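Given below, in the form of structure tokens, are the structures.
Look at the two complexes coming up: chain A is in both, with chain B in one and chain C in the other.
The block that comes next holds the complex of A and B.
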């Protein structure tokens, strides 16, 4: 019995908890990507750097708050600064929409033109973030760092394995859940949400029924920028803020959105968790886990499916398989 | 257009003519002024040029020649760009020797593709990959930094002396990390220790939970991290501390930085490691010289850079000629005993001794002693982290 518990705690500590937090961050990012794709009909490559920009705004205001002596007690101050970061990201998105994307929308340019334009926007945001806050590693999490430490858990339960739970991990999962519920409520119940879905289904029909396209675009950017900022800030709180890592996040985020079915919000969430868990589970070493689970069995090898350097290959293999077998993604989005 | 081209050509040939008056000797300084170690290279180049200036100002080099330094960018990571830059130095600038390059990967590329085929001496201040000990260099490649084969050995001994018999190893996935981890594992297993797993990690990622999960599952008393303090290495340590996977760490030289202690805090206490170090009269003399010249000599590899530059100049004087073959032939003899010991700031004295037909044993800032295939033996500082500060245990 203790051995089974040890195995479960071991698995929770190194696979389940990190995977859940990472999956929530990916899911929030993928939601933003999928929303832009559904309404504006292009893959927004600037999303990773928009996350960095939003997180940067949050960090700058966090410093202002900390300087003024305002903190959120046991919670990170960054949560208080989040609205300011969101505001910054929204303004930046709207500026780029007015100056770049609106021009191509008026021309009814093909999606590939939008994609290339978004790569240009990506490089611009990339540069802005580096100019303002620099390229280094920034830690901005304050408040209580741990809910429970591995050592405390061991002493408390008497088990051989410890379970560490960081407050940022819990905050990530809770905030992600709240945001997801709010988004679904908005899309399914509110008038604007319904208009967005109608616009996404059939643009011409939506225009005929009197939906104002400018407002739909405006709301889409506001929601996408808010999601990007929240995802970026949570990721930065949980790990650390470094502009370059956000650029690299773009790949798993797109993999998550496409695997789940791009354009389908539910698919983005499922895809986020699927990618995160497959990255961790496929590269984990199961020897210790099975030694606990099956008494008397001492495996010779390390019981590792793939070495950790193939972590990123895992998302791509899943992506390729899904595109080959079910091009619309698991939850039937749009075909790319 | 044609006129502009012709004018440019004429100007370049004029410029070439002014330099080729036999008064100046050109030496290339090829370092990664852009790229991952761009924060270190300006100080390294300044230190090398400080040695050149000292030589030139003395007026004793080959009857009053001066050394002119020509900088080129190795980028640290792009072998193609580094090779092109070295090609330019050798064929169009006509340098007599090259001080550089910096990172192991580009250094190997330059040595194999450009320097060795053209018979040009390279003295690298910072390329530490063990693979560079065995390249076919025709006696043209030298380095003032020790090979990581030596560091692997030192680190294995430090860990073994603590009575630790099993470790997990993670290294940064490049030429440096791979070379150091191979050397460490060979030495450690030779001492009777066991390595449970040897897993690479990529730099520049945010999430290292998969790597740490695998390392923790493999087990081991401590985790050996052979990476960079401002890159993946710190992410690995932070995740390992957070999940309770490991409590004690042993670190390679790339992890030695104050920023690591700031980032991890008290949890780093008890961590052990090794880093190339210099102390004694040479290091003090170097600090005095750099302070006077307004150069930041406290940065990494500045001492090695100064020594590399000084060795090139002294070997010209020893052979009485500034051509490429002379430098290659005399470099080992000025670096090693017998002869008068030479510290930083005494380069003028060394030139005078060589001019009078005497011998010198260049000690420099790092106690230069070139062994085997022309590389430094090196002194390492064994440290332990105590109360949030690095504390020297001993020198090895």
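The block that comes next holds the complex of A and C.
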């Protein structure tokens, strides 16, 4: 009995809790990608670097706040700086929309042109971020580090294994939940949200109904940039901020959006958690877990299905399999 | 008699260098139903699109209540009181029936719940299915959503492009009954129809078009009685 509990706690500590936090970050990123796809009808490759840019703005303002002696007590100061980061990302998105995407919209360019343009935007944002804040690793989480420490948990329960819950993990999950609920409320209840869904569903009929496409595009960028900043900041808080990792996040984020059904917000969330849990479960070392579960069995290897260096292969394989078997994704995609 | 409420007079134009419409005239009065019939490719839909501002005109003018509206975009014509139901893609499939109607009323700043009640009264099935996505409804019900959506702006003219395309004869009769009811509220209705005989039956006025030109123009009754029209266009 105790062994089973130990195995479960071990699993929760190294797979479930990190997977949940990582999944929330991917889900928020995928929501932004899916929203852009649904309304502007292209895959925005610059989304990963937009996350980095938003997180950078948040970090810079966090430093300003810390310099002025303002902190959020037990919470990370970055949460206070988040609105400034969002504002920065929104302004950047709108500048790129004005200078790049609007030109192609007026020409009614095919989606592939937008995708390639977004790759260009990606490199530009990438360059800006590296110039401003550098390429190194930055840790900007402050406040309380842990909600439950592994040692406290062991003392509390008397188990051999500890379950640690870092405050950034809990914050990630709570913030993601709040943002998702707010987004769905906006899309399903507000006039503008419904207009966005209508525009995504049937552009011609939306125009005929007097929906202003410029406003729809404006709101889409504002929401996508806010989602990107929140996702980027949460990821940076949970792990660390390094511009290159945000570029790498593009693959799992797109995999999440496509697996769930691109253009479908529910799908983006489901896909985010699916990809995250797949990555974590496939790269986890099961040796100790099975030692607890099957007494008397001492496995020789580490019982790891795939080394962590290959974690990106997981998203890639899932992506390919879904595209082969169910190209529209788990939830039918295309419209929001 | 005064000038008709809505008239597209001597419309000539096309999408490119070649004209599709040649001095084509369409008109309708408030509370009347005017039907455009004719063989495939006669330019029926094109003529209606021209009235709605979706086709550039080289000659002729469109007047709504005696005002020339040639320079208005389709969106501006919606604001001026024209409702348009396209033949395809005329509902938001992923939005619920109620949301479809709300989007129809998007340009209205005032409280439109009264208009929505009127639409639900006219199409009781929509009230029943208000919370269902429009894409899950049958063809006939979808057409009712489409007409209901267009009615949400309280238009003075309703233009329908083949409202009965692809529905069964029974549903077609139902739809025509509804269209008669809409006209009875004082709205001018201009529609394109494939089912010429049935449509002319309910029409106050009929336009038979051939190759972008008016061929016959008369009351629905007179056109149905005209042996030449019967032989050439109504299958005997």
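Just so we're on the same page, the second predicted complex is superposed on the first by the 321 of 336 C-alpha atoms of A that agree within 3 Å, B and C clash if a C-alpha of one lies under 4 Å from a C-alpha of the other, contacts with A are read in each partner's own complex, and residues count from 1 in each chain.
What we mean here is this: a residue touches a chain if its C-beta (ideal position, glycine included) is under 8 Å from a C-beta of that chain, and two chains touch if they have at least 3 such contacts.
Quick caveat, the model's predicted, so the values are computed rather than measured.
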item: Which superposed partner A:204 touches (first chain B, second chain C, both, neither); value: second
item: Partner chain in contact with A:37 - chain B first, chain C second, else both or neither; value: neither
item: Touch count on chain A, higher of chain B and chain C; value: B
item: Partner chain(s) touched by A:194 [first = chain B, second = chain C, both, neither]; value: second
item: Chain C-contacting residues of chain A that also contact chain B; value: none
item: Touching residues on chain C, where the partner in the complex is chain A; value: 74-75, 78-79, 84, 86, 89-95, 99, 102-104, 106-107, 149
item: Of all residues in chain B, those that touch chain A in their complex; value: 173, 197, 199-202, 204-207, 209-214, 216-219, 230, 234-235, 238, 242-245, 263
item: In the complex with chain B, residue positions of chain A that touch it; value: 10, 13-15, 18-19, 22, 136-137, 139, 146, 149-151, 154, 162, 164, 166, 235, 239-240, 242, 244-245, 248-249, 279-280, 283-289, 302, 304, 307-309, 311
item: Chain A to chain C touching residues, read off their complex; value: 191, 194-195, 197-198, 201-202, 204-211, 335-336
